[in-house]
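Please read through the structure below; I'll follow up with questions.
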């Protein structure tokens, strides 16, 4: 088991390394000069340009740059931001990570409770009106661009009807001495709309996976056998059938991360939620390449890690898979 | 011995492809008394397994049990039960040992846990007591090292041990009737004998009635008190085991014997039964065996043979037994 | 192959939601193609001072902040978004099939390297790849945008095709025909298409929906279709400051996206179900 884990981790590291290589190539592929934006229309002398180029390391030959990038990534150093110079990219990422984790965590929680429950219900009531219409509604929500749904929700629920805050994570007018509970509630109120937007647009994914997995398990002999033992329908459904869908659902967890991350770029920027997504959006506007690259690196690393975790999860969830 | 279980005119209907209805089980009647073993014998496709499922009301959709059927367990018509009462019967009064232990056991739950949860579902035992009872059951079915094997997963056990686990689960609710559907098909010959011996022991020690379903006549020879032979959804002959083996009264039963290899050299050629088992959506008219019957009469293809009672508890569906039919 | 595809389409037609999806798409496509000449010029600003006006008889979907007819803009935007999506998916399909074929047939280290690369590429969310490429590419021309989007979406297709090729390689009839002198290439290619056509069609259909959403997002960030070419995402971006005073300027383009993507997905679902009848 340990040997397998080590081997798998090395594989993941290799994949990540290749991903880093690809990211670097991407960065150099695009025509245009990342520094031009910084310079803008100002009249800059050649010497000043040369100074800038040296500062950001773009004056070196490509191979040296690649080396520097990879070495830096291994150390955990992703360079310096152009817009927020001299802040290090890693510092920026670290400061924004908690907000995204909070948002992402809540969205995952919603998806994997409500989404799973709905998916199971759909499977149990296969072919019913509930099944068909829930499926269609979920699909319609999935077809909504996150930024659009967010804007519409903000327009009506926040700006027009003043039910929930329109932006950011906290109320800037909150008194400094406010206690923990008030602060927490304040964050929750701000969390509501972005979490709702991200959840709605992605719940179809969870529901369909769960529904399909349940349907294929229902067909298996041991489900009838479990009923024949006189176990309650609830136990048969959850303890026997659903328990066997954990493995296919783990695949979903691996798919989820890219969906979450991509969605959060739009949702966070619409709601000004101070996370990685809005950082990326701001970096786009400012043409802050190092920050964008740093975010992409972090996200890719997370995806690779999530895949590794999913594999480990398989082994734990399905005793047949455990390598001896 | 009074009847524990009585099945009257069991009929199961399925929608047939292209409209219409087919009845893979078409008028089956059985009686089972406490302490006896009834063997239900037939080829695959005769409807044996469906009959077993019907007794627990587990006919897979879109199949339905015809409302005119009756399944009576000690005076209670099982077809009228709903919800909790029905659940209590499953495993609690009637236990079913499925054919394939590998697919009937949940692969991600240990066998001990599967026994324990069944115990907990039927008795008011909880926690440690339920666990101990589960281990005791595994012991009872001859599982070596029951307390350690408790944690084993189905794929970690041999075929024979898996079958024993399945039997333990079926017994967990302390049923009065045990249905064993082809309990030995997936096993080696030596293990087969062990399992059948075990079932016999359990029957006497627990005073249960056993319905032994098999396609193998030889298997039931020393194990059953009575035999019911099933063909094309119907019971074509029912008799005590000794009488059936001595002088089978239905051509199908006779043909079955003729196709079994025997060690005493009494048969010099195996005579397989000509033709193939008919499908439920195309039962032959009148006597369903007539297209393959070596002793067929003209009447057999025109008029459905009646149920001819022979001795008490014995019958046969054949024109040959009706005086003046030839 | 046409036969098997035809059968697939026919079975998909029996699905009620698939039927709606297909019909809606046909209507959308027709509108996108035929309607523009019948509508006012989307660039025309009859009375710029008026700014955005709510839906009326003259302007069924209202006007935007520059008093341009919304209906015309949405329709022309639809033309752009749909063509970008379809063309990009075609690019992805071609690339994916090519790589998949090569990897599956060549095997050995070629396969290993290619698939390692695919794995790594899949680790980077598609959006980020596009962001990195497009951020520095100011004013990207439409054709280049299509190519860029297409080249970021072929990875899963290559896996699919590779899987099919591998499966076919081990089929006895391939080795038999090879023994008879026919090159494995030809046999596989001839049998690959009918087998893979179904799954590829499903992947392509669902891919169109993905690209529409992706392109809309990119345009919303200012990176996709460049103004003054109308695009649904771009229209939502422009409508953002007016979201409270003139919500229709944002609602309609978004609704158009929802309708189109939903139709595409419904159709894709029906095709998927037609492929695997048990899964419905």
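In this document, chain identifiers A, B and C correspond to the written order of the chains, with residue numbering beginning at 1 in each.
Just so it is clear, a residue touches a chain if its C-beta (ideal position, glycine included) is under 8 Å from a C-beta of that chain, and two chains touch if they have at least 3 such contacts.
Source: prediction; values computed, not measured.
Ranked by C-beta contact pairs, the top interface belongs to chains A-C. Seen from the C-alpha centroid of chain C, the farthest chain centroid is that of B. Our note on geometry: chain A versus chain C, Cα centroid distance of 22 Å, whole angstroms. Averaged C-alpha coordinates give centres for chain A and chain B that are 54 Å from one another.
Looking at the complex, you find that chain A touches chain B at residues 220-222, 224-233, 235, 239-240, 243-244, 246, 317-320. Remark: chain C residues 17, 116-117, 119-121, 123-129, 131-138, 209, 213, 216-217, 220-223, 233, 236, 240, 243-244, 247, 250-251, 253-254, 257-262, 265-266, 269, 279 touch chain A in the complex. Here chain A touches chain C in the complex through residues 14-16, 18-19, 21-23, 26-27, 29-34, 132, 136, 139-140, 142-149, 151-152, 154-156, 159-160, 212, 215, 258, 261-262, 265-266, 269, 280-281, 283-285, 287, 289, 292-293, 295-296, 299-300, 303-304, 307, going by the rule given at the top. Interface residues of chain B, counted against chain A in their complex, comprise 53, 56, 58, 60, 87-92, 96, 98, 100, 103-109, 117-118, 121-122, 153, 155, 169-170, 172-173.
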